[in-house]
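Here's the structure, in structure tokens; my notes come after.
A, B, C, D, E and F are the chain letters, set down in written order, and residue numbers restart from 1 in every chain.
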Amino acid sequence: MKTHPRKLLVVIAEAALERQLVADVKRLGAQGYTVIDVRGGGARGDRGADWDADRSIQMEVICDDAVAGKIADHIHQSYFEDYAVTVCITEVGVLRPEKF
Amino acid sequence: MDPVVYFFVLGLAARLLRSDLKLPGVLYESLTIYLLLAIGIKGGVELASHPAGPIAVQVAAALGMGAVLPLIAFPLLRYAGRFDCYNAGAIAAHYGSVSVVTFAVGLAYLAQRNVAYEAYMPLFVAVLEAPGIIVGILLGRMADSGREARWPLLLREVLLGKSIVLLLGGLLIGWLAGPTAIAPVKPFFFDLFKGALCLFLLEMGLIVAARAGDLRKAGAFLLCFGILMPLLAGTIGATVGWLVQLSVGGTTLLATLAASASYIAAPAAVRIALPQANPGLSLAAALGVTFPFNITFGIPVYHAIARFLHT
Amino acid sequence: MDPVVYFFVLGLAARLLRSDLKLPGVLYESLTIYLLLAIGIKGGVELASHPAGPIAVQVAAALGMGAVLPLIAFPLLRYAGRFDCYNAGAIAAHYGSVSVVTFAVGLAYLAQRNVAYEAYMPLFVAVLEAPGIIVGILLGRMADSGREARWPLLLREVLLGKSIVLLLGGLLIGWLAGPTAIAPVKPFFFDLFKGALCLFLLEMGLIVAARAGDLRKAGAFLLCFGILMPLLAGTIGATVGWLVQLSVGGTTLLATLAASASYIAAPAAVRIALPQANPGLSLAAALGVTFPFNITFGIPVYHAIARFLHT
Amino acid sequence: MDPVVYFFVLGLAARLLRSDLKLPGVLYESLTIYLLLAIGIKGGVELASHPAGPIAVQVAAALGMGAVLPLIAFPLLRYAGRFDCYNAGAIAAHYGSVSVVTFAVGLAYLAQRNVAYEAYMPLFVAVLEAPGIIVGILLGRMADSGREARWPLLLREVLLGKSIVLLLGGLLIGWLAGPTAIAPVKPFFFDLFKGALCLFLLEMGLIVAARAGDLRKAGAFLLCFGILMPLLAGTIGATVGWLVQLSVGGTTLLATLAASASYIAAPAAVRIALPQANPGLSLAAALGVTFPFNITFGIPVYHAIARFLHT
Amino acid sequence: MKTHPRKLLVVIAEAALERQLVADVKRLGAQGYTVIDVRGGGARGDRGADWDADRSIQMEVICDDAVAGKIADHIHQSYFEDYAVTVCITEVGVLRPEKF
Amino acid sequence: MKTHPRKLLVVIAEAALERQLVADVKRLGAQGYTVIDVRGGGARGDRGADWDADRSIQMEVICDDAVAGKIADHIHQSYFEDYAVTVCITEVGVLRPEKF
């Protein structure tokens, strides 16, 4: 099993941003994405997912360094100021390098 | 007090006592969809038997009222409340729009007292949902020339939000099908309505209590605003209802709609269109103050105003 | 048109207009379980009062029909449609099996017109679910000698899929309990049936519209197949129903079942047993073309055929 | 046998045959909430029309019984069953508390036989839920002087668990509202009750079958305990009911409550308060043995005992 | 806190594969697994989790290098061609090495 | 896009522990957390999330080394013996170092 290095970009954000984030990552070059419904808490208080305004999502994007950088920068500029958003990046290995 | 309100109080008490009682989010979503459809269908069935002319006039009046309400709320918030443009616009958008559940509690209130009302009143819920939000957002963005507006996206979000789609869809279906064809779905959409409303109010109680923290942060002005604004808007709504010759029941319901503040459609739209606004403020006022006020004290007051105007 | 169909159209319109209306997936699952159980129980209660002999003959005929239908669909798809073995088998499996919701719309259609039918018809839904899938998969795998077949696993998947378990389970419960003991659950399982069906069709509309893209990719042949195959299968079903002496209503329902294409049991089984097939094709035809066709135009046509055969 | 039990058997059979039938977890949660509220409301409506004095005596007796039952179960488990302190306490807590669904099956059993009972019996469900859990946990922790107890947290967990909140909340609402005001929610909370119970029992069957493995590991003693303990507790419950002058129906229900073992409130509380106990053991006995035993053979036995005592 | 290096294998796949994947990873030596319901999109189109055929799952398996390799290879051979499946592997540290 | 190294601590545990774990991580210095509903299986058997006693959660905490160590140690001492709990730690990069 030979793996190729890629980035896994994880974005935790208000559910209200889901549509926009999906459009954003596609536009910035991601070839795929995965979304999970989550709850949590941070600087902007507890978000217990009890109802619409309190729901959060976690989006995962496997991509190369350049795309990860572009997405992270875009989120930084567009959402960090006004929305409950958290971003982190991990090194991962993938089997099919052409896919990501 | 109508027993549906007890369920709200039960939810409130459970969360404040820190019980682990929680309604699954999906149940809340499902109940929302059910209530909107049921209200729409019920109104639609009745729509057929009314002449279109007078209704058109009433609808136009309601539309106008919906656009005017945020114009009243905004300066109050901006100058008396010293909120910035974004927050003033956001809160105005919530109060310009309507709360379906408050309306449903109003229906239950009138039914229990055997007060008749124009059965097509749900039409007004659908009509009043959007204009207030749009005007509120416009006001909030006045100062904000930097960002591009993305109005087409926003208008779609507001006009095709699930509440309008389900209400108008239900109205249309009820109207097309008529009473005979609707009869077989009566046990589901009509007979269960009040019970489902109880469950929904239980969840509302839990949510409101969970946001009690926001309320404390919101400050005294917002507390007062959350009570005075519905009284003002309710009076305006009752006057409009009386002018367009709604019955006492219909006038009460239009006043209730005017007085109610949205917490389904408005928060979603405002969060995208006015991201700079703090959603905690709008929700503290709309959910934490105005909603409980309306379902307990407000509706009887609007009923009294309606009766007063009709004498 | 029956009002339940309006809900389908509402869902369709909402998604095509890109509204954010969404039914929670769990609501869809719950409604499926409810509809299957309710249909089963209703049929089971009636089963007791019918002689077993004639029913056995009818069931055998239905089983045979279910196995034959994919044998008709497969060569059409393979040679006229130029699909490979896998896709031809997969699509044949969907059309060999049945759609419970189409059946439910058929029930509503007959009820509204006061057409009587054999009340144990739900038995045929359970009976017709599996054979078409199994034959379709067999056809699709003919070319595929490489992979091991894992038939035991597959048969369990098909024969113990949730639809058969709930339908047969409901039938058995209804039959064992009988009308008196079932009475207390009537408000839940019988009176709410049509309303729940409306909600389900709303969701179906949303799903079909979401898959509109598949439809475009599927091409003209599949579009025609999706309309002509149900007409052909419906005629066969009506003929079989008439031969085994079902009433006009029963004949209509058997034709509707024959004409309907599965989108609950078949997709799951085919995905595991014929992974090489593109699930988008089967679903585009079954959900995107045949389902809407059947609930709008198909059922009245099958009713007309049934009446014609019985005169 | 009441048809609701068939649904349990259907669930059992489906899972044991390894069908993929699964009820969404959220449906299970929603049904739980519904059943608890409905039972509470029904009892509350009736409470108003009864004198408080005798009820207070009965409640006190029930409280006492709830505290005594684990004191009987614990030594049996500890010395006859050779369980350690933690597990003996944990299992005793489950058997000291009550199962709402067993109670609901008891209601259905009596209704089908037209046996009258004190309509405020749901009060006893709420009253009996907590004491058994608390005493069981106390017993389990006797040996455990190392860990700090966190009793305030634990008491809140038990006394404000969702079952007690919903039952007592429902009781209070029913009592405050009274029969007239409750009438509009009757179709939702009363008429659907038995159907919802069927769906719930279907899920219980699936869950019990999924835990069949635990049962095998639990051993012969626990199997016997799961049948003998409810018979013993049921006899005690019937005697208490008879002493406090409940009717035959009421006595049967109190016996059923005493005999039933909790699997909603107790597992959650015990998992936090007695983490050293193996939850598989308690659940194997409570869910895997006692629950099926009670709803099939137990309730008729308790009814017979109640009739015997009242002659 | 001393941690021991292990692999975290993440598989995103059609929900129809859940039963098989669980059996596979157990057979190939994993001592545990975690499954999450997700939605997403990639080469095989958007999978919005609206209904059965559109549901996806994310399976996470913490294991040693050898098991990770075996699972990845097995998924590569059995599922990549016909199913919507994505795999990636990350380095993680665990506290109880004997557990994974 | 400059990232700063942090730890991502992942805890998979019985749902009954959610309240306690949230309180624990906050007390031990985490500035945020994310929770996901999961199912799975391991040394303590399969946990299919069919009903309350069988539900599991996955908690993710992005934090610095010290906090990650404290949380891991606390979980080790408090929960490993009696509960179905799994912990692993990954290196991640974050954009806003002051946030974690």
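The criterion applied here is as follows: a contact is a pair of C-beta atoms (placed from the backbone, for glycine too) under 8 Å apart; a residue touches a chain by one contact, two chains touch by 3 or more.
Values in this document were obtained by computation on a predicted structure and should not be read as measured data.
S.K.: Just to be sure I understand the contacts, which chains border both subunit C and subunit A?
M.R.: Touching subunit A as well as subunit C, we find B, E.
S.K.: What's the minimum number of touch steps needed to get from subunit A to subunit D?
M.R.: Steps on the shortest route: 2.
S.K.: If you average the CA coordinates per chain, which chain's centre is most distant from that of subunit C?
M.R.: F
S.K.: Farthest chain from subunit A, going by mean C-alpha coordinates, please.
M.R.: D
S.K.: Have a look at A-E versus C-D and report the one with more C-beta pairs in contact.
M.R.: Between A-E and C-D, contacts are more numerous in C-D.
S.K.: Where the centres are mean C-alpha positions, what is the separation of subunit D from subunit F, in Å?
M.R.: The computed centroid separation for subunit D versus subunit F comes out at 34 Å.
S.K.: Let me have the rounded angstrom distance from the C-alpha centre of subunit A over to the C-alpha centre of subunit B, please.
M.R.: Each chain's C-alpha centroid was found; their separation is 34 Å.
S.K.: Centroid of subunit C to centroid of subunit F, CA atoms only: how many Å?
M.R.: 45
S.K.: Please output the residue numbers of subunit A that touch at least 2 other chains, ranges allowed.
M.R.: 36, 90-91
S.K.: If I count partner chains per residue in subunit B, which residues reach a count of at least 2?
M.R.: Residue numbers touching two or more other chains: 20, 22, 26, 187, 192, 268.
S.K.: Which pairs of chains touch each other in this structure?
M.R.: By the stated definition, chains touch in these pairs: A-B, A-E, A-F, B-C, B-D, C-D, C-E, D-F, E-F.
S.K.: Sort out for me which residues of subunit C touch subunit E in the complex.
M.R.: For this pair, the touching residues of subunit C are 22, 25, 28, 203, 206-207, 210, 213, 263-264, 267-268, 271-272, 275-276, 279-280, 283.
S.K.: Sort out for me which residues of subunit B touch subunit C in the complex.
M.R.: Against subunit C, the touching part of subunit B is residues 26, 29-30, 33-34, 37, 156-157, 160-162, 165-166, 169, 172-173, 176-177, 181-182, 184-185, 187-189, 192, 268.
S.K.: Within their complex, state which residues of subunit F touch subunit A.
M.R.: 1, 3, 6, 8, 22, 31-36, 62, 90-96, 99
S.K.: Residue numbers of subunit B touching subunit D in their complex, please.
M.R.: Result: residues 2-3, 6-7, 10, 13-14, 17-24, 26-27, 108, 111-112, 187, 191-192, 194-196, 198-199, 202 of subunit B touch subunit D.
S.K.: Would you pull the subunit E residues touching subunit A in the complex into a rising list?
M.R.: 10, 12, 36-43, 56, 58, 68-69, 72-73, 76, 80, 86-91
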